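For reference, the structure is listed below as structure tokens.
When the chains are written out, they are named A, B, C and D in that same order, and each has its own residue count from 1.
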Amino acid sequence: MARIVSLAEAVEENVRDGDTVAMEGFTHLIPYAAGHEMIRQGRTDLFLVRMTPDILYDQLIGVGAARGMKFSWGGNPGVGSLHRFRDAVENQWPRPIEIEEHSHAAMANAYEAGAANLPFAAFRGYIGADLPKVNLNIGSVTCPFTGEVLAAVPAIRPDVTIIHAQRADRKGNVLIEGIVGVQKEAVLAARRSIVTVEEIVDELDPPSPNSVVLPGWAVTAVAHVPGGAFPSYAHGYYPRSNAFYIRWDEIARDRETFTAWIRENVLAAKPEDFARHAAKTAAKVA
Amino acid sequence: MTDFTPTEMMTIAAARALSNDDVCFVGIGAPSAACNVARLTHAPDITLIYESGTIGTKPDVLPLSIGDGELCDTALFTVSVPEMFRYWLQGGRITTGFLGGAQIDRFANLNTTVVGPYDHPKVRLPGGGGAPEIASNCGRIFITMALTKRGFVERLPFVTSMGHGEGGNHRERLGLSTSGPTRVITDLCILEPDPETKELTVVSMHPGIARDQIAGNCGWPIKFAETVIETPAPTETELVVLRDINARTKKAHGAAGKEAA
Amino acid sequence: MARIVSLAEAVEENVRDGDTVAMEGFTHLIPYAAGHEMIRQGRTDLFLVRMTPDILYDQLIGVGAARGMKFSWGGNPGVGSLHRFRDAVENQWPRPIEIEEHSHAAMANAYEAGAANLPFAAFRGYIGADLPKVNLNIGSVTCPFTGEVLAAVPAIRPDVTIIHAQRADRKGNVLIEGIVGVQKEAVLAARRSIVTVEEIVDELDPPSPNSVVLPGWAVTAVAHVPGGAFPSYAHGYYPRSNAFYIRWDEIARDRETFTAWIRENVLAAKPEDFARHAAKTAAKVA
Amino acid sequence: MTDFTPTEMMTIAAARALSNDDVCFVGIGAPSAACNVARLTHAPDITLIYESGTIGTKPDVLPLSIGDGELCDTALFTVSVPEMFRYWLQGGRITTGFLGGAQIDRFANLNTTVVGPYDHPKVRLPGGGGAPEIASNCGRIFITMALTKRGFVERLPFVTSMGHGEGGNHRERLGLSTSGPTRVITDLCILEPDPETKELTVVSMHPGIARDQIAGNCGWPIKFAETVIETPAPTETELVVLRDINARTKKAHGAAGKEAA
């Protein structure tokens, strides 16, 4: 049964040095506040998993929290490069990073297999592509009925998955709406999970019987962090700050401006500071 | 006739390649603009799908990311990402996939992974994302890229997604039944694979563009088809629609900018 | 793009003698009206696929329309046996029937694989069970990473899938709500599909962005048949007639009462007759 | 103390085996009644899951089928059947699965498929449904069946779902890490597998039941544990709750009957 705790407590109890950590959110509902809390608590040697690393993992890589990363698209969407990621891969700064690179289809299938407690996922993929030559975790499997050969990847089974969602009820049941990405699969594939939410409500009240819900007994910890997805967004709460994504390009391009930004906006900040972004943005929308 | 830029010509030429019956897997940037221009001009019933899970979306402004809220708000419905890649893309339901890339070779293979050796890259690019499976599972692929020597190269350092591989019947030999890249739309011209060799060949030149301009911007000795036509210039309507959506987009993303942290 | 047609037309155009036909609906939304139309049109030599055959397939088997059936649970839920199914298997009446029997997990995975255009499905199943000894379509596959051996079954790819749903819009986009079963997978796995609906509306208006929708371009034909799931039910429209399920036990127990029932209620009836059940039941609910 | 029937005793004994923290995969019939009696008495927060996809359901009347509307109306949420079997059952999230069957053997293997040879059955039963994978993927299995010679047999004609196989460590040898059947609740007594041999052994007899009554209703020479206790009789509360839900259920299904065709 999910415990409803502070974000600091959730990270302290559930994220350990050396863990394989998946933080998901496909553009939408990216758990930024949780990532910042991990930086503040000094978690290190993490193996990060995420389809689209984007700014969140640029920050974790830039502070040296990651020993490795499994991913399928490592850019700043619509803007360009992730400079901290590139600096780590191209110049080993601030430390070398081991990468395991896949396609989106492979990652999505691997999370799905993890949620389904299967050791691997089979799919029609990687045909004629070079990734299988550089990634030993891309194999193949033969259909026992037709003899067709399909691509195969190991299931993703994180030590801990962290996501952000719209709301939870007091039993820790979680509702996710809109672009739901691979969050449900990532949580169900993991040993432990943290969900940060915009709101905690008395009645979850999903709009459809078939809404995307994670029951409290399938989640480890729920933390109330309004605005916790900023500069990503929470459908129904506040929009994506495309402008911040554009601004990140300048901040992250240079090691010093990056480090200064982290000092000021992460190390000297608190989870509650995210509420300000949410409120501010919501006001503009209204 | 209004003046237009090469990029506008590229986007409009790409839009024209789409029809009302297409179910189109849309990438960000030029593909997104082209698909929405098609939707707002000659193909009002085209189905646009973004890999974030949004199906039948009709954005009023172009998304900056593949998963902007606008895409979900205007979609018929939104599915999970595993479902998107399993039931819809791998399921064989997409008629047309739109790709771009950092580099392309003469057989329309694309690189968006690395420049230099994979283990010690000179430039680490974002990677493949959906491209490897978009390239193999969609009925056909359109590619939009500006024609430059840096982009159109003799040999790719890394094949992120397969086009026609080594040319000829290479796709068939690998068991693929989809057509692969059938058109590459650049800012100067339109290329199509030769029916036999599958080498990209200029079939249409945009108004005012000369052959040596095209040849000078391509990293391999580019071939021209026996008959090369001139791409019809953008119509007034096409330009107005494109510029309107670009203006709305700029305004929306600019406005969002002001309140950002 | 889905064509909106009469049920008679939909069946004429899309169901052929000898076809592999999947009619799905897990207790909820079972396409009874479509089954009756197939009987009226005299379709024969069908290979029927369905997780829970229940009364619908008892009727098709009893009239001799089926050469075979693939299924995982062949009973009258909460009541007992399917007498026509038993008579066919035990006494070859009115004709012998070839059966291919699976577990629910196998069938659900096989539909899922069909929708995903995979040739087979792998799952943790059939351990210590006897079905693999009598069903050659149960095989195994070995994980290329861990060496684990999993059960495998071929994907289900019907010639035609038929389902019932709550509503469609005028473009043939379909909304399914409540107990959604394997209907989406069954439609996406099939070459052709027919959806009968309670209502055709101007705006589909799903309650959630993540509602279960089948877009018109993924469906072959949509037919407006109010009450078309009776004696099964349509969530939000009319409840299940548990009483009819109980009554079926008497009707089907005997070849003569069954044949008389079919003559009167199927052969001499029309799709529009189902509207009566729906209206009547709805009135009771209100 | 009120009088009670053997079936009521069976249902209530089964209900008592469940706790507040259980996530329970519920079958129709006796299991459904037992799970809901548990929910309405000592385990108000128990999570009930029906294989139709309904998760966290709290039916006011017992369903006739596994997919009655009542289950969805009162559920926390409802998923597709493939998701149910993949993410929730195979995912290892169910603590307790409830099964019944036409026949059981001394190692709690079940048959619900055929009597007689599979190809020419004397009686064709409904088949396994979810049972084969419920039996292997749930943390533990409870079985409820009336104790009769026809049901409790020396040898099954067909193993629909595995209990303890040939006994001993057979489950482990097949790679299973789940416990399998840990309790069989009948109308006369409660059986549990011997810790070593895994043979079902009487551990508790219902009030007023004698040993020879049990032995006489079992198709194999049934063993009794060293210590056999008496099952506590149903409490007033347990009986009231069970009879209430049965009465509501009868009324609901009866009412539905009147308007049926």
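Please note the rule applied: a residue touches a chain if its C-beta (ideal position, glycine included) is under 8 Å from a C-beta of that chain, and two chains touch if they have at least 3 such contacts.
This is a predicted model, so every value here is computed, not measured.
Looking at the partners of subunit C and subunit D together, the chains they share are A.
Each chain gets a centre from the mean of its Cα atoms; for subunit B and subunit C, those two points are 41 Å apart. Our note on geometry: subunit B versus subunit D, Cα centroid distance of 57 Å, whole angstroms.
Shared contact sites, meaning residues of subunit A that touch two or more other chains, fall at 116-118, 123-124, 148, 178, 180, 184-185, 206, 209-212, 235. Residues of subunit D found to touch two or more other chains are 72, 78-79, 86, 90.
Checking each pair of chains for touch leaves A-B, A-C, A-D, B-C, C-D. Residues of subunit C touching subunit A in their complex: 116-120, 122-124, 137, 139-146, 148, 150, 152, 154, 177-178, 180, 206-212, 235.
Those residues of subunit D that touch subunit C in the complex are listed here as 28-29, 51-54, 63-69, 71-72, 78-82, 84-86, 89-90, 109, 113, 118-119, 121-133, 135-137, 158-162, 165, 170-171, 174-176, 253-261.
Interface residues of subunit A facing subunit B in the complex, by the touch rule stated above, are 26-28, 51-52, 71-75, 77-79, 81-82, 85-86, 89-90, 101, 103-105, 108-109, 111-112, 123-131, 134, 148, 178-182, 184-185, 212, 230-231, 233, 235, 239-247, 265, 277, 280-281, 284. Touching subunit C in their complex are the following residues of subunit B: 21, 23, 47, 55-56, 72-73, 75-79, 86-87, 90-93.
Across the interface of their complex, subunit B is touched by residues 1, 115-118, 173, 184-185, 188, 204, 206, 209-211, 213, 215, 217-218 of subunit C.
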